[in-house]
Each structure stands twice: as structure tokens, then as C-alpha cells.
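Heads up, the next two complexes both have subunit A, just with different partners, subunit B and then subunit C.
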Partner chain A sequence: MAHAGQLTAARTPRPALADPVTMVRIAIIVGVLAFWEVLSRSGWLYRDVVPSLVAISKAVGELLIDKDYYWNLGWTGFEVAVALGIGGVGGLLAGLILGSNKLLGKSFEPYLYYLGPTPKIIFFPVMIMWFGIGPGSKIALGTISCFFPIALSTAAGMRQIKPVLISVGRTYRANAWQMMTKIYIPAMRHPIINGIRLGLGVAIIGTLLAETKLSNKGIGFLIINAYSTFDMPRMYALLIVLFVLSIGVNALVGRFGGLDKIKRS
Partner chain B sequence: MKADAMARSRVIPPLIGFGSLALSVLAFEVLIRLNVISKFIVPPPSEIAMSFERIIVEEHVLQRFVATGSEVLTAAAMLTVVGVSIGVLLFQVDILRRATETWVAAMAAAPIVLMYPLFLVIFGRSPWTIIMIGFVAALPPVILKTIEGLAGTRRVLINVGRSFSMSESQLFWKIMLPSALPTIFVGLRLGLIFALINIVGVEFLINFGGLGQLINELAERYDLAGTYAAICFVILVSIIVFALTERIERWLTPAN
Partner chain C sequence: MAAIVQSFDSKASATPSSSDAIMRVEDISMRFSTPDGVLTAVDDVSFAVRPGEFLSVIGPSGCGKSTLFNVIGGLLGGYEGRVSVAGETITGPHASIGMVFQEESTFPWRTVVDNVAFPLELSGMAKAQRVERARHFIKLVGLDGFENRYPSELSGGMRQRVSMARTLAFEPKILLMDEPFAALDEQTRLLLGDKVLQIQQQLKQTTLLITHNITEAVQLSDRILVMTYRPGKIKRIVDIDLPRPRTSDIVSSEAFGRYVAQIWSDLREEASRGMSDDEKTRQGGHPR
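Up next is the complex of A and B:
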């Protein structure tokens, strides 16, 4: 009987709830959660390294109603936003200049290209010297983190513009400003949005890492504070909320910029 | 037209780039000597250059380089084995791939390195914390590129294999894996660079291990010139690794 059921199930389209992909996903999640809970109750690991799910969910709940958390989240959000603003505008300008001028591009782009994938956090001691131990040094670190991907993808995007679009602009005798706002930027919004998305990711990492090293406010500070008081459920809660936020913001930027539609066009 | 010809020249653009770099270094030197920029914030470039010798001889920068390098290589070996295996598994079991590929992609966007306090609790202040952070943070690109490479095997190659009536495992080992290797290597290279960045970063943050710790130590000693020199050294190392792996990648990629 079970056999026959399987056969018919394979042939007829299933209702959405029994979609096999969804079923596998649910199975994986349930499996991982069950394994976690068993591990936490078994006592194989040091106590509290793997806190029980009840403790973690309680900590997430407490975190989400905690005023202090939102105050710190506000600071981190502010730092990341300013960093993305400065680094983004700087990267965009640098990318536009390097992308539009062959000589300058060939002269300076290799430096950006090779400096891009270096660890940025090591500049933090220098940033403390320059901008102090307050939010300034965190903003600076976020700024240098996000400058590189945005500049590089803007410059690359500029060179990928179809020549015919540029010819159209020239035919209408567009001046430099009009070329920039009417031809170049609209034609390369996808690489720019992609650069901003990458830049946002590294700006978040740079800012938060700096906060864990030396600060007295922000999410990074809360994480390292939970570590030094060995409040493991709170640390898990902070990390979970942070991951959800940053994956969400990343997806939002991608969708807002129409990146999910690129493959179809 | 003249600018175009200059851009195409092999000598002029590097000359402009390097010249501007040298000029700005010189400008800093002059401004610091004139006390326009305080030398307690930015040490003069000449002093930084002098302290290179000091950090090599006194701070054992080469041993530290080996320490960091072995952490990166351990993470890279784990990435190759685990990352590629997960990629192959997800490719072979289609339903698993459809269920989890978006999750892996989402993890690539998550700030995994922020989990380092958690790893500190689990692994203690040991090289394993550093290695595991490098490994976990670099895992998503390796998995995604492995799937991409295997899925991109050209139809005609598979058909050739089928016409020789190869078994599924022969098809995989003799055709799909070799054809996916260049793409897998792109993933491994990305992974190696991610691992290097995160490993040096975590060394700096937890003040343990090789090159990253050196920067932290020098900064805490307020040895400014030494700090700047150590930062330059780390940047140099990561540029060399990046350029070297780029060479290998170009050599592996079949010419079209």
C-alpha cells in the first residue's frame, strides 16, 4: 500500500506544502535543531558552549525587547551608513574617473585591484591614531573596506557599457554631465548596485570587527561584552539577529537594484 | 589620440602609477618634517623603511609569516577537502542542492568572521580558533564554485562519455571533474584569499599567532614606525599571494 502511494505521489503534482524541496528543508532544519538540543543536554561539551534552544530563544526574545540593544544597533547602523556614504561616493567617483579615462585607469587601477583583497582590520591601530577611539575610527575602517569593491565594480561596469549607447549620447551632443547622468550611470546600474552590495557587506564586517576590538557601544561591543561575561545564550542571540539583519539587508539591496532580474535580460 | 597611445604603451601607465605613489610618499615625508602632520600620528616614511630591518631581525617576522602561512594552508587544505566534497554532494543529490543552495549563498553574505568570540569559547585561544574561522568564512564560495563548475560541464563532453558507455563514476572522475577543475580552482582561490584575510584579521583581534598579532603588539607598544612597517609587510604578503594564485588560475584556465 505504501508502495503504491509512493508511485502515485511521484506522478501527480503535489500541493505546495508537500513540495519535496520544502520537505527536505524542513527535515534539515528539524534535524539540526534536534542534534543541537541533544548535544546541549548530553554534557559532552563544556557546559554552556552549546546552550539549549530554550535558553537561546529566551535570549533572542529578551534582546528584541531590550532598549539598550536598539540604542547600540542605532550606533552601529549609523556608523555603517556613514561609512557606506563616504566610501560609496568616493568609490563611485574613483570608479567613474578610472573607468572613463584609459590612461588613468591603466595607471592606478592595478593598485586598487591588488589592495582590494587585503585584510582591512589591520589598519585599525592607524585609524585609532587618526580618528580617535570613538565612532570615527570605526567609520574610517568601514569606509576603507567598502571603497575598494565599489570603485572596482564601477570601473569595470563603465568599460562594459555598449559603445552604441555612448555613440547615441555623442550624436545628441550631450556634455560631460549629461553623458554621466543620462548614459553612463543608467547603463551601469547593475555593476554599481552589485558593488554597493559587496561594499555594504564588508563595511558591516569592518565596522563590527573594529567595535569588538575597542569601543564602548555598538553591536560588536555587545558581542564581545557577552563573551567576556560568558553569557553564551546572549552571544548566540546577538549573532543570530546580526546574521538575519545582514543577510536581509543584502537581499534587499539586491532586489531593490533589480539584480535578481539580470539573468533574464 | 595622444592620450590613447600613451594608455596603450607598456611603460607609461605603470610609470605614472608608481611615480604618483613615490610622490605622495615624498610629500608625506616633507609635510611631516615641516611639522604640518604630526610625526606622532604618521611617522616619516623614511623611518618606516628603516624599521623594516628591525621587525625582521627583532620581531622574527619570518617565523610569524610561517605561523600565519601554516594556518592559512591548513585552512586551505580543509577547504579543498570539505568544500569541494560538499559541492560534489550537493551537485549529485539534486534535491539537496535545490533545498540548500540559496542558504549557502546567504551564508556568503553573512559576516561569519564576527563569530570569532564563539570560536574562542569552543576552541580556546589556540591556532584552531584562527584556522576554523578562516575555514568557515571561506567555505561558501568554494561550495558554490564547485557546483557551478560541475553544472557547467559541456553537454557534448558528457555525450562523448555516454557513447563510450561509461559508468556514472567514470563519467564523474574522467569527464565532469576535470572539466570543472578551472572553475573549482577559482572557488579555491577565492577561499584561500578569504581565509588569509580572516586569519590575519582574527590574529590581530585576539592577539594570538603570527602576523596579525605582530601588528597588535607593536601598536600596543606604541611603536608607530614598526606598526606601519608591519602593516606594509602584511599588505605585501597578501598582494603576493593574490598575484601568485592569479597566475596559477590563468595557467589552469584553458585558452578559448
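Up next is the complex of A and C:
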């Protein structure tokens, strides 16, 4: 954790353009783009499977002024947010209960550990039956995706609290609510934030995956729609935009975690 | 020399008359069942704490000091006997007892001022008021200027002072400390001892210190209870008749040296019993 902080700190001064690492990084991008363009023009692959960079850039431009795109992006964002809200609160509560109650913790945890890494998409058919093909089933899938990492890291975090901090709370005669809000939760803030970061990642994956399977709105739906109408430039444009968005969201959550680190260290 | 021997009046000072005592520890025994049978950690310990005095409990590792600390603080149940403060029996953590732990116990997510204000926050004191009270106690332990720092920005000795200020802010009748300076180096420990003496002087704070450090005990105390190695019993009560106000300069006085020598001669036997038990255990045998 502290290492991550140091790395970020070390990276903050902007590397000079002449820095060899920067040069190689730029070279990699240029190389990949050149290879792509050559492949696209060579005619070795089936037409349009690898559209030219020009076509893709044009598609990105069109996408960015497309109202339809923003509407679908909004739906996906909404689904992820609701999933993270339900799964996050549920996971936090489950983690607190399992972490504080030894019997329940020991009884439930093996199941959580086995279910945790299971790809949640296998539950998608069930979710469609329960919640329909609209956003409901996507939210459900996103929810069960992020529930597990948040519950598990909360429960683990609870067990790592230094016992002396609990004793301190008891000697000052904190009541149950004060113990929870003023000692347990702040003492567990790192595992909890970590769980939320992991949870956000899998909630996005779960939601998008569900949208590509069966849906009528959302970014996943747009991608699979572009694919099935063989609109390759648009499909690639969607992937690129999604890629950039994911980086942005990750950086945002990372920054949230990073802020907290400054306070601690 | 004769004067010192006289001051070891064992039972008389252990049980002052009832009007005299702020806290009474009566016939405390604590047994744990272990795979090797029942272990008696504390065996029939009784003593009384007088208002305003600084009382230390000293003993070798394994004499049940920490058990006693947790029993008196109300953190540990299942013992025989009775602990009472001003006549009221202790059944759990009590508002009149404030504890300072050996381990690092500051909240790393709170600044110094928020750490110290913690007990006041629990009791629902308004923010402005509790910050003011907290600042008062931070100043008392000599940490003014560090109010808005986080514990990780402080040294170990400073963090223990934060813990002490936090417990003082709780305004306990009795300050109960378990080797609060054990993890610190000798110089820091002596200097913090000065701080404790100064605070003691200022607040007339009744204090019960659990320690294994003879110098620390003699430097700070009015009386010292010497405990035996397992099972922990009171071996002797020593009145420390050194002038107050004291500073750490006292450690170089002749009287100080005599007290240290006397307590060490009591403790040596106990500590060596502890050591040979420990060695037996490591050889695969069982301690008694």
C-alpha cells in the first residue's frame, strides 16, 4: 500500500520527453498503429475486419456527437451505479456480520470463497427470468458480481483490527453504534476501499457482459449491435471510448484511495 | 539503612483504613485452564489505592501483572474476588478508571487533537468545547504544536503521550497504566517519567502503574507492590520515601540506588524462577 503511494509520488513529476522510457512507450503506440494500418491496407484479412485508422477515427468522432451513444452510456452508468450501491451496502453489511460473529463467519465463509471467483455470468439466465431483459437483470448481475469482493474484504478487514483499539473503545465505554462507526469502520477503511475498487471493476464487467448477451440498451448492447450489423469502425470506436472511460474511472477510484492514504501515512 | 528496612512494613500499608482508599482490590485470583492443567496467574492479591498516590505493581514476566491490569480495568471477567472504586464494585469498564495500554493504541485515522477528544466525543460534548479540552491535555503532555498531526508522523514516545492525554481527557479518578513506556528507549523513558511526575503533581492524579522496570517504578511511585513469579502474589510493599516534587535527577541519588537494589534483590529470585521455567518449557518440559 505504502509502496503504491510512493510510486505515484515518484511518478508525479512529468517525465521529460527525452526520457528513454517515454520514448519507448511512444514508439510502442506508433508501432502498433503502423502495424494496424499496414494490416488494414494489405487486404490479407477479410474486408473491414481491420478497418483503417481513418475510418475508426471518423467513427469515434461520430460516436462522440451521437445522442444515442450518451443515452446508452447513461443507462450503463446507471446500472453500474445501482449495482454498486446495492451490492456495496449488502456486501458491507454481510462482511460486518460475518467478521464480527465467529459462528456465522466460519459457517458462511467457505461458500463465499467458492462463489466469489465463480463467473457470475452463469447466473444471467436466472436473472433474465427474474428481472426481464431490461436494466433489471443487468443491475442484478452487477450486484452479485460486486457483493462478493466487498463482503470478503470487509470480513477479512474486521479480523485484522488491532484488538487494543477495541479495548480502548471499551474502556471509554463506547456503545455498540459508536464502536461500529468510530472504531470498526474507520479501522477497516483500507480493506473496505480496496473491496469497493475490486467491486466496481467486477460490477462494470458483469453489467457489460450481461448487456452484450441479451439487452435492449446500454454500451454492451451498442457494441454487440455494431458487431451484428458488421459496422466494424463503430464497434472499434465503442471499444476505444470504453477503454478510455475505464482508465478514467480506475484513476478516479485510485485517487479516492490515494487521498485516504495521505491521511494515514 | 535502618530507615529503609523500616519502610518495608508489609501488611500495614497494604490495607489502609476504609475511609482512606479510593480503590480496593480484594482477594483477586485468576485461573486459566491450559492443556497442561490449571494455571493460576494471580493468586489472592489484595491492596488498596489511596487518593492521589502513585502506586506501582512490579514483577517479572509471567507474574500476572497484565492479567491484574485487565481485571482492574474491567476488560477481563471470570476472576475470584472483588475490585471496587469508592465502594462500588467493578463489573466492566468503569467511568472512574482510565487505561493506558502498553501497545500503540492511538487511532491512526485521527489527528492528535481528534484522538485526545475521542472520549469526550463519545460522551456527546460539543465540538468546540471538546477541542478546547483536548488542547488543554495535549499541552499538559507537552505536545502542543502537534495537534493536527497524524500519529504516524509522531515518534513512539509522542504517540504514548497522545494515548495518555486521551485517557486524561476522560478524567478518570484512577489512571491505570500497563507498561506504557516499555517499547521506548531508556532516555526517552526517563524524560517521559519527568513528564508523568509533572502531570501527577499538577493534577494530583491517582495512578496505578504496572511495570517491570525498577528504575521507572522507583522514579515515579509513592509505593511499590512487588509481585512473585507465577502464581502472582504480593511479595512485599515498599514505601518510596523520596522527596516530591521529583525529576529524573533523582536516579543519581544514593537513596534511589538503595531502593533499586532492595527491589532488585526481591525480584531477582522471582525473575530467575521465571527464567528457569521458560528454559524448561523450551526444552520440552512443562512449567509448574
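Just so it is clear, the second predicted complex is superposed on the first by the 243 of 265 C-alpha atoms of A that agree within 3 Å, B and C clash if a C-alpha of one lies under 4 Å from a C-alpha of the other, contacts with A are read in each partner's own complex, and residues count from 1 in each chain.
To be clear about the criterion, a contact is a pair of C-beta atoms (placed from the backbone, for glycine too) under 8 Å apart; a residue touches a chain by one contact, two chains touch by 3 or more.
In this text, all values refer to a predicted model and were calculated from it rather than measured experimentally.
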Partner chain in contact with A:L165 - subunit B first, subunit C second, else both or neither: second
Partner chain(s) touched by A:L84 [first = subunit B, second = subunit C, both, neither]: neither
Partner chain in contact with A:L103 - subunit B first, subunit C second, else both or neither: first
Partner chain(s) touched by A:T212 [first = subunit B, second = subunit C, both, neither]: first
Contacts of A:I193 with subunit B and subunit C, given as first, second, both or neither: neither
Which superposed partner A:A140 touches (first subunit B, second subunit C, both, neither): neither
Touched partner set for A:L63, first subunit B, second subunit C, both or neither: neither
Subunit B versus subunit C as contact partner of A:Q178, first or second or both or neither: second
Partner with the higher number of touched subunit A residues, subunit C or subunit B: B
On subunit A, positions contacted by subunit B and by subunit C: none
Subunit A partner contacts - residues on subunit B that touch it in the complex: 3-4, 6-7, 12-14, 16-17, 20-21, 41-42, 95-96, 98-100, 106, 109-111, 113-118, 120-122, 193, 196-198, 200-201, 204-205, 212, 215-216, 219, 224, 227-228, 231, 234-235, 238-239, 242-243
For the subunit A and subunit C complex, residues of the former touching the latter: 162, 164-165, 167-168, 170-174, 178, 182-183, 186-187, 189, 263-265
Contacting residues of subunit C [partner subunit A, same complex]: 73-75, 93, 95, 97-99, 101, 103-105, 107-110, 118-119, 121-122, 150, 152, 167, 170
In the complex with subunit B, residue positions of subunit A that touch it: 20-21, 24-25, 28, 45, 49, 101-108, 110-111, 114-115, 117-119, 121-126, 128-130, 201, 204-205, 208-209, 212-213, 220, 223-224, 226-227, 230, 232, 235-236, 239, 242-243, 246-247, 250-251
